[in-house]
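Read from first to last, the chains carry the letters A, B, C and D; within each, the first residue is number 1.
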Amino acid sequence: MNGTARLETFSDGIFAIAATLLILDVTLSGEGTVAHQLVQAWPSYAAYAISFATLGIVWVNHHTVFTQIDKVDRTFLFINVLFLMVVAFTPFPTRVLADNLREQSKAAALVYGLTYTAMAVCYAALWFYAAKGRRLIAPTADDRLVSGISRSFRPGTLIYAIATLSALISAILAVVLYALIALFYVVESSVFGRNAEPEP
Amino acid sequence: MNGTARLETFSDGIFAIAATLLILDVTLSGEGTVAHQLVQAWPSYAAYAISFATLGIVWVNHHTVFTQIDKVDRTFLFINVLFLMVVAFTPFPTRVLADNLREQSKAAALVYGLTYTAMAVCYAALWFYAAKGRRLIAPTADDRLVSGISRSFRPGTLIYAIATLSALISAILAVVLYALIALFYVVESSVFGRNAEPEP
Amino acid sequence: MNGTARLETFSDGIFAIAATLLILDVTLSGEGTVAHQLVQAWPSYAAYAISFATLGIVWVNHHTVFTQIDKVDRTFLFINVLFLMVVAFTPFPTRVLADNLREQSKAAALVYGLTYTAMAVCYAALWFYAAKGRRLIAPTADDRLVSGISRSFRPGTLIYAIATLSALISAILAVVLYALIALFYVVESSVFGRNAEPEP
Amino acid sequence: MNGTARLETFSDGIFAIAATLLILDVTLSGEGTVAHQLVQAWPSYAAYAISFATLGIVWVNHHTVFTQIDKVDRTFLFINVLFLMVVAFTPFPTRVLADNLREQSKAAALVYGLTYTAMAVCYAALWFYAAKGRRLIAPTADDRLVSGISRSFRPGTLIYAIATLSALISAILAVVLYALIALFYVVESSVFGRNAEPEP
């Protein structure tokens, strides 16, 4: 395996497992009829869907980023460990949000947003560290694609930070924003989509 | 990795983890002797076996489908994220069914069937989107195989929808139908089986 | 990927996840000092170690078996789904054993042994189905290696069946036998060990 | 797959799953406001971060070690099964530490350190068994790199053993030492970092 393949394999495993563990936090209250409990569990479904979609998108983009990189160094590894630590952490704020969304807990919505903002910061750090002066970028990588990825990173962290701060006003508002961001990225998928088209 | 390899790796991980997490929902009640509890847990065993077999079959077929596809676009990715979201969701309805089958809960049997119907719908959407006008199909793919896969998809969603609706009449009837469908597909395995034979 | 690669990938995932999920069943009682609880949890450690070692061995041998096979058919797939269903089931009897070993529950020791006996039966069925008349064996496979694997399978199921029946006499006796079998196979590892040596 | 590839795949799976399962042990107490509970859960965050970082480092180094090895034998397999058994065990002491760090439980800090010391011992045994007389080392492996890895192993076990013994004096001291060791290895990453640079 080359310099980045083993990092990618480990990262893929973390993403797939973290996304699948999210379902363990979808549970019924045990009070009332089964039908009633199933309806009452909607915050769990919402939290599951938003987190799963977000992890799916970030995973797809993580691969795009790695296709441009052909070597790694210690600092890059350090940032990637931090990044994966946040990825594997996501089932916790998802559970906290699901358990407390009904009571519109601002703290739960805030910690959820902070986790995803931290992920966006680590992720941007990972990319900009690699891209600065084309430090770790493959010599064959297209300059326009590298610039395109850099541009697409800039708004991401800001958007998550704003959505997170909105939790101080209203938990529901923040969750709606988190859902819209996930939906936007799934529909857009611009970085990955552009790259996945077969070469002409 | 090519355009679909990274999607397949992520999908494989989701399938294997979701199938294995099903066992976490097989638990004993803690009341009575161990032997008694082990016998009483039969709904958990039944739900586990049906879900595991169904995921195994869908995973096998998912691979067959991907061998015919050689590129992906944004819409395809969007459908695949939805599909995997349903796959990773299956431990939840399995747990609900196992916990409430003894009381013959129609709601539990219904939500179980709805999940698998949603999976069948996403899965068919994934295939027909790729196959329409051979949009994402490899140029080398055999026309008859592509048509064969398309034909095999048509009854699947309908069969799951009928089994799901039967839950409104009887939870036990619905579960028996779910089991029969899984058994039929394991024994038949027509799509995969045909393809797995070595070329003459 | 060839005819067996995708099966192997899925099987590998199931093995690794089932082995790792075993740890979720190691828990403390919450009664007494932490030191006391840690000592009292010895049945959990024993059950974890035996199950982990057994899965590790079976996984290693599963790979050896697959190196001799170069095609699959529907019946083989059917047996492999059953086999993996038993593999992914193992965390349940492990938990039952850990929770009830202190009370020397024969039922718990019996269900543990029955699971591993079922695994041995499915596994032997998988091999003998493939090996009969060299049905699915690669043309290049060495006849002596194929016969050697067949021979090594014969005692396995019998040994597990005897250990399982001993649970009717004493739970502790059965667990000691399960541990000895696992230890024997780890130390011996004859099938894999022989095959892993580089060709001369 | 060659002689070590299947071992590496299984090991990768165990590492990624064990690291991700750590999050299941981060839970809220359910007492007080959500914000209060989130703050009170700091021992869980600390235990999660230290364990995740440590597993990440060991995984990275495990790969470096395997790049120098080109064959395996029975004893090596036996040691590797023991090693992975300890790796997959780590979520348990992490949970014990998180649940009892607030009370400064020396037993919890001790069992946490003992687990990581056992991992360091198994890991060193794995390497020195392979490296002794270049028993399993690839003929192409650079002598200086092999000696370098051997040197880097020597202090590791000792450092973990000292940190573990410090738990007998103070749980907090031990945890601070565990964190410093993890931080040191992430920042240093000397074995992997040196090896990951592209060849000149």
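In this text, a residue touches a chain if its C-beta (ideal position, glycine included) is under 8 Å from a C-beta of that chain, and two chains touch if they have at least 3 such contacts.
Note that the coordinates shown come from a computational prediction; the quantities given were computed from them, not determined experimentally.
Visitor: Would you pick out the chains that touch chain A and also touch chain D?
Guide: Intersection of chain A and chain D contact lists gives nothing.
Visitor: Moving only between chains that touch, what is the shortest number of steps from chain B to chain C?
Guide: Steps on the shortest route: 1.
Visitor: Roughly how big is the turn, in degrees to the nearest 5, that lines up chain A with chain B by CA atoms?
Guide: Result for this pair is 90 degrees.
Visitor: State the chain with the largest centre-to-centre distance from chain C, centres being mean CA positions.
Guide: A
Visitor: Please report how many Å separate the Cα centroid of chain C from that of chain D, as a whole number.
Guide: 26
Visitor: When the C-alpha atoms of chain A and chain C are each averaged to a single point, how far apart are the two points in Å?
Guide: About 37 Å, centre to centre.
Visitor: When you check chain D against every other chain, which residues touch at least two of them?
Guide: Touching at least two other chains: 13, 17, 21, 24.
Visitor: In graph terms, nodes being chains and edges touches, is this line, ring, star, complete or other?
Guide: Drawn as a graph, the chains make one closed cycle, so a ring.
Visitor: So which chains end up touching which?
Guide: Every pair of chains meeting the touch criterion: A-B, A-D, B-C, C-D.
Visitor: Residue numbers of chain A touching chain D in their complex, please.
Guide: 1, 3, 6, 9-10, 13-14, 17-18, 21, 24, 70-74, 77-78, 81, 84-85, 88-92, 96, 99-100, 105, 107-108, 111
Visitor: For chain D, which residues count as touching chain A in their complex?
Guide: Residues in contact with chain A: 12-13, 15-17, 19-24, 26, 28, 33-35, 38, 48-49, 52-53, 56-57, 59-60, 63, 186-189, 192-193, 196-198.
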